[in-house]
Amino acid sequence: MLKLSEITKTYKVGTFGGKSLYAVRKVSFDIKDGEVISLIGESGSGKSTIGRMILKLTSITSGSIEFNGQDISTIKKADLKDYYSHVQGVFQDPFSSCNPIFKADRIFEIMHEEFFPSMPREEWDEKLVEALHCVGLNPEHVQNKFPHQLSGGQLQRFLIARALLLDLKFLVADEIISMLDASTRIDVLNLLADLKSHGLSILFITHDLSLGYYISERAVILYKGTVVEMGETDKIYHTPLHPYTQMLMASVPHLDHKWEQKTTDLGGKVEDITEGCVYFSRCPLEGKGEQCRADIPPLVEVEPGHQVACCCFQK
Amino acid sequence: MSLNIENLTVYYQTLKGEVHALEDASFSLTDGEIMGLAGESGCGKTTLGTSLILLNGRMRYIRGTVLLDGQELPIWDNRGMDEFRFKQVSLIPQYAMSAMNPTRRIGKMVHELIEARHEDYNEIMPELKRRLDLVELPQEVLKLYPIELSGGMKQRMVMVLSTLLNPSLLIADEITSALDVSTQKAVVEMLAEFRDRKFVKSMIVITHDISILSQVADSIMVMYAGQLSEKAPTETIIRHARHPYTKLLISSLPKVGIKYSEEILHGIPGKPPLLLDPPIGCRFRDRCPVAYEKCTQVPPFLELDKDHFVACWKEFEEHA
Amino acid sequence: MRKVVLTILSLIMVASFVLIGCASTAADTPAAAAESTTAEEAAPVAEEAAMEEAAPAMVDYPRAETLYTMGKQWGPATSWNPLQQGSYAMGTIGLCYETLFLYNPLTDEYIPWIADSGDWVDDTTYQLKIKEGVTFSDGEALTADDVIFTLEMGKNFQSVYYSELWAWLDSVEKVDDYTITMMFTNPLYQEWANYLYSIAILPQHLWEGLTEEEAVVGANQPPVGSGPYMYESADEAKVAWVRNDSWWGIKGLGLEVAPKYIVDINNISNNAALGMVLQGQVDLDNNYLPGIASVINGGYGITTYYPDEPYMLSANTAWLVMNLTKAPMDDAAFRRAVSFAIKVEDIVSKDYGNIVVPANSTGLLPIWDQFVDQDVVDELGFSYDPDEAKAILAAAGYKDIDGDGFVEAPDGSTIALEIGCPNGWSDWMVAIQIISQNLKEVGINVEPVYPDYSALTAGLYGGDFDMVINNDAQMSNTVWSYYHFIFYHPIKEQMISGTGNYGRYENQEVFDLVDQLDATPITDVEGMKAIISQIQTIQLTDVPMIPLWYNGVWAQTDNTYWTNWPSSAEGAPKYVPATWNGYWNMGAVLMLTELEPVAAE
Amino acid sequence: MRRYFLRKILIYLLTFFVAVTIDWMIPRFMPGDPVMNMLSKAGSMHAEAQEVMYGYLTSSFGLDLPVWQQYVNFWKALFHGDLGISILQFPKPVIDVIKSALPYDLLLLIPSILLSYYAGNKFGAYAARSKRMDNTLLPIGYILTATPYMWLGILLGWVFAIILNIFPISGAYSYALKPALSWTFIKSVLEHWFLPFMSLFIVQFGGWAIGMRNMIIYELEADYAHYLEALGAPRKLIRRYAYNNAQLPQLSGLALKLGVIVAGAMSTEIVFSYPGIGYLILMAIQNSDYYLLQGCFLFIIIGVLLANFIIDIVFVLVDPRTRLGMQGGAS
Amino acid sequence: MSEPKKKNEFLYFAMRNGKLKVGAVIVFIFVLIAIFGPKFARYPLNEFVAGGPNPPSADFYMGTTAYGQDVYAQFVYGLGTTFIVGIIGGGLATLLGMLVGFVGGYKGGWVDEVLNIITNIILVIPTFALLLIMVAYLKLRGVLIESIFIGLTSWPWAARAIRAQTFSLANREFVDLAKLSGMKTMKILFREIAPNMMSYLFMTFILQFGGAILTAATLDFIGLGPTQGVSLGLMMNWATNGSALLLGYWWWFVPPGIAITAVVGALYIMNVGLDEVFNPKLREM
């Protein structure tokens, strides 16, 4: 359904834009119909940038994104609207997603205005009620209220309902539950999983590995804009191959058992390497060598459905 | 007993009236104890934490006593608290990233702060350097401005600074929420290290993330809507929680190894009550699956097992 | 931080002081002056500078010995060139350079000054004798050569203001060192008499060899003249003159000027000027100061020429210029109606508080009263009479057709005119408001407008205006100058300043009469009157312009340090107390000889 | 760091270029004829000679070249410090006219800006200490900063010069003195300087006081202030930090305000006949002295640009945040 | 503790805020005077109704000018002009500032860069000097043209402030959401971003309003004000030309200055009050 091919995003830095900074570097993966993919990475890994590029909120420096075979980088106006009627996003902060000075329902009004300008009011209202039910909200409880009168969980559902008003095929869920309380976040997550079972594809962006595991079939691990490992969730979680993934896994606080060893990785000053393995300076592997410093290791398939970008697995 | 709190009640002054953010909290902390304070946002955990050191503009002290090492903290008296702050009770704030004066070199700021507290900076200097080493900060940071430090470095710098005078009690407020998992782990481990090295006697770690607490805390206290729900040693809370809220909370946490397709977790339906006009009795009543008529009265916070405090009528009943 | 700020601050203060303090030498020896002066002149400059450096103690002008004046300079003095009529520094002619005669308009006297006597030997020959012993301040004697040199400068250099003299002056011949004869082709007696007291005699030994540009455009600083005062200093705020104690006039005229120094202060604004007058900083102030009546009675020791209204002598006529090339001002009946509609009395009393007087219908200044043909004025003159104005308008076909309260032209076109004066000239601004009100009362739609001075004059000269107030013609020795002004001919594309006929009135008959008047000897009063009567008949019939009131010789005199000011009081000196250009040589310099210092306690 | 300044300098150069171009356009599009104005003051009755004179002067100010050439020539002359000849003070070169006015502007502007900045900030910080002081002292600040400079100037002049007669009402130094480096002269300069200085000082003082008060209130609510408070730091230290930090926006405010202050200085100079550039500008406008106007405008531009640049540098020195921002640059 | 933000909450704070109340009342009083004052004028504007200067009396509420014009009439009409200058000049500056700020802050990139440079240039050029020159070009000037010129030269700092605000708002998620809804740029700017800045824009307008009044007063005073009509600045100019204060006609010179100071000062005080109303951080001072 959605195919990312070597997408790259660079920012110009310096006075006259002399230097460029890679936010995302040659990231490729695809998402099939009805699939949930977790995009996992720490802050600054470029995970949100990828989501924004799919949503055309950020321009792509190079590479392409195809939606059902069509390159989205050039679409405009009517085509863009058409694209948005299939591809939508939900973001981290539900409160910030609503214009604070208007009632929350306004986000639906906009949809009505922009996508279904000719739909009669009654018909629209029915559609809306249906969508709200679909996300498990009682319209009477949530309509005609200001955002701050709703809880974060309710609002997030609200925003998902907004996307569901359309003929939705693909949803970018960017950290949508990280600001929710523990008691409600799981319900939103369940809702996503529910939608998926109805055929929706989801790009689930998160920094929380346990959430990624809970919901997705496949996971993509990002570090500094580069994919270091990707594959089926089980394989990545149970046999992480890349030292970075391993470190991440080791850092997850489990309720049932304590951390194994003391880590000293504080992610302090990290050397900037533009050519070469992005993880080079933090890499604890004994085997890391000059080659890692010089070349970017490509993703290689170590086992079916499990790819890793580390020089240890090159040959 | 290093910290002993009785009936601490703190309200917020707002336009529409008083928000009952912390109601009759009574608990104690032993020397060397790291207590995790968990709960949903707005449950009063930050209120509890900060009220022990600094009541901000809109917080009103209502009643209760706070004894630290046998001394009563005059938390209602901003000036009177000054001598306790930093030396007896200290804080790593939520906003550690912006806690340092952006226009002063860090060393100079520390210097000025220390001198202002009538301590000898030069005397403290060697210890400061040792602690910087401990948290793996180069000593050069003292010559830098806060903006020149990364988030994790600022976090660690504030940790060092807050504990520099070896306070009895340290309140660490949501210090991990802005950090990546890998850094989170390191910071939390450092907190424990600080305790182990006796830089601080006891600690209250406030967070909404119970799994973090499970790694480092000796005990966990769960709050709900301004009231204490349960306090027990960490293992007990995680495995044998007694308060229905705690149980639901723990069971809703996704863990690596649990998949939607295999096991569907559930959240707690409903939402917390508004504290402006809180319901009488147990505040969890409306969302509680086991609530009954008794719950219209406020349940006391009782020690059911050793070190296991619960505020739930149903539990009392069962226990009895 | 504080220390840095304080250090910077003190540094700046010190630097500024040094800059200001050292400005004196810089200002006294401007490059421009050095450029445009000859080698001979460079010497005195250097001497001057050297003298100042040698005597640094002399920094001030003692109050008791200094006459402070104000009202002439509207900007820093930059020229001491007597050929630059408009812009030379206060006193350049009169205090420093001298003229052959003085003319006192109050007594209608020509006072021989450098000249000993001057007579028409015959109709076309004028013989001039100059005094012996007249010297320039550098010690050189002033002889016939200097006079001839000065006059001939006008022949050699077209841009010298009196070059036009040579259109009717044939030659100037030296008889001996003190006697000169002028041969005229077509003697214009009136104009010549004017030149006699307005051309300053230049030292040939310093001016010889200058190019036209150097002579006409140069700053001539410091000037060397024959007068009772010498250049002392100048800066942005003032011009200072020092008494020449070896002035020839002490012996030659038996006169001594009283003030050791004359310091003329730049005008800034009426408000500042009045402030300084009230503070007693100015002895003679030639500014128009509104509300001066209350100051005179306010116990500040300020006096004026007349103790009562109108307080001031009359200096010039303010008149309404109408653009005769535009309808309906091209219609004499309309103009006449306007002349009856304006209530000058209101301007005089409300605007000026009676310190000016309404003008005669002819506009001739009081000093020329004898030339007003009362019969003509009685018959044709106008006065405020709105009914008459309306009657004239109605008779000429001006009617209010559309009922807006304003008349339309006989051809039915709307009349909407503007009356202008320079923005900020508060007295005139009020005056045109009053005029506009008056005209509206008789149904003429005229709105007051206040463009900036330069925009206004550009319009005036270019003929792009409706109605404007002007007072360019000053008092002089001859009525001719007044008529020359208002009937200036020929009409040109640009009627620049000095050509008074801004309204572009064309009437060959009156032009001829004015020329004829010019050629009438000044002694032939009856002949003059006959011509003037004819001119006045035409003037009052055609009303090319409307005289409104006489602007005063604004002069506020302070008696704290100097007394015996000119005034109407019996026994008081009768001179025009003005420092404006052209007035020193109209007798004001004699005022200085009459001034008496108030003895310091 | 270097890049930051390069960028700044580039903007300054661009500003300068635009400003100078505007400057160049002034005489070319102004209404009125300056030479005519110059002559019109002559009031001579001999128009013929005036016409010749007019020709002379017009050609000496000659504007007969093609426009682009004039523009190029203007720049060329500019680099030689040649700003033409003043019409008002003919034949004095504009640069000389300005040179003699400039010290007065420095004398008036710099102390009034620095002292009012200093005192106003102190006062504002003082007022922000408590609600009571805030409510009593602050309205004064608002009234002061809302006062038109010239109105205040005239009132001051009236009270101190006319009624009390302790200060002179106009000029830069006593008319009885010639400029010299003597105590009498300096005393006189100071006496004349005081009232215009005060009217500039007072109005600016109010502005700074309010600015500081508003800023410091924000700063006292900043996280670092709370943290310090939580660590029991004395109020004095917190206020000092807040004060120092609040000065930064004040400082950038100073850069923005310079234009307004220059305007204030102009009207003040006019009120007190203080012979600075502001007064020159008025004279130049009234007399259509293009060249002087050009020159004055240019000097004001240079002055403001220079002051801005200095503020930029000071800013970099006192605010570490800008220094870091420089390395990152804007994306 | 997230406080519920409601409109009536602002109203509540507004009603409780002394600064806002005092400022608004003063401005309101002057607005009333400007609107209804002319109805009570006993004498027509600028007509020479008295022989000369008269101190305030029952007949001439505020005395007469040196020329016998009713000061009251000049004052009330001049006050109206002052408000007009404030509204047009301040309004135009705010509008321009909005336009430049919105587009720059929202679009970013080179558009922002260019607008930024233009803003900086105008910010650095002493606009008052520019204004003087612009004004001097006109033969005749009215209040309207004066206001427009003031507006044209005083927008940069508004643009700068609005740009910063827009920039932070443009990165908010609801804007992204609006984009995802296919809304057009201008629609997003005016329907999503601008409403969020109303309080800020209003405050900007108030400051520009006051600034325009002061600038106009300065221009008028030095004789470059309107050549037509009456304004408080012109009154001061006339009074100064008439040496009102020196001659003791304080009633001619003092009131216009007081009015300007009061109106502008009150606007500033109002602004601080509004700041406290809109910014919860400042409420508890």
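First chain written, first letter: the chains are A, B, C, D and E, and each begins at residue 1.
Heads up, the rule we're going with is that a contact is a pair of C-beta atoms (placed from the backbone, for glycine too) under 8 Å apart; a residue touches a chain by one contact, two chains touch by 3 or more.
These numbers come from a predicted model, not from an experiment.
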Shortest chain-hopping distance from chain C out to chain D: 1
Chains most often in contact, by C-beta pairs: C-D
Taking each chain's C-alpha mean as its centre, the one farthest from chain C: B
Whole-Å gap separating chain D and chain E, where each centre is the average of the chain's CA atoms: 22
Centre distance in Å when chain A and chain D are each reduced to the mean of their C-alpha atoms: 55
Rounded Å distance, chain A centre to chain E centre (Cα mean): 48
Chain A and chain C, separation of their C-alpha mean positions in angstrom: 88
Where chain A touches two or more other chains, by residue: none
Multi-partner residues of chain C (at least 2 other chains): 269, 271, 275, 278, 424, 452, 455
Contacts with 2+ other chains: residues of chain B: none
Of all residues in chain D, those that touch chain E in their complex: 11-12, 14-15, 18-19, 22, 26, 29-31, 131, 134-135, 139, 142-143, 145-152, 154-155, 158, 162, 210, 214, 217-218, 221, 256, 258-260, 262-264, 266-267, 270-271, 281-282, 285-286, 293, 296-297, 300-301, 304-305, 308
Chain E residues within the chain D interface of the complex: 18, 117, 120-121, 123-130, 132-133, 136-137, 139, 157, 210-211, 214-215, 217-218, 221-224, 233, 236, 240, 245-246, 253-254, 256-257, 260-269, 272, 275, 281-282, 285
Contact set on chain E toward chain A in their complex: 2, 4-6, 172-174, 176-183, 192, 195-196, 198
Complex interface listing, chain C residues touching chain D: 2, 5, 8-9, 12-13, 15-24, 26-27, 30-32, 36, 56, 59-63, 66, 68, 74-76, 78-79, 84-87, 158-164, 194, 213, 216-219, 233, 235-238, 240, 263, 265-266, 268-269, 271-272, 275-276, 278-279, 281, 424, 452-455, 457-458, 461, 472-474, 476, 481, 484-485, 488, 494, 496-499, 581-582
List of chain D residues in touch with chain B within their complex: 222-224, 226-234, 236-237, 241, 244-245, 248, 318-321, 324
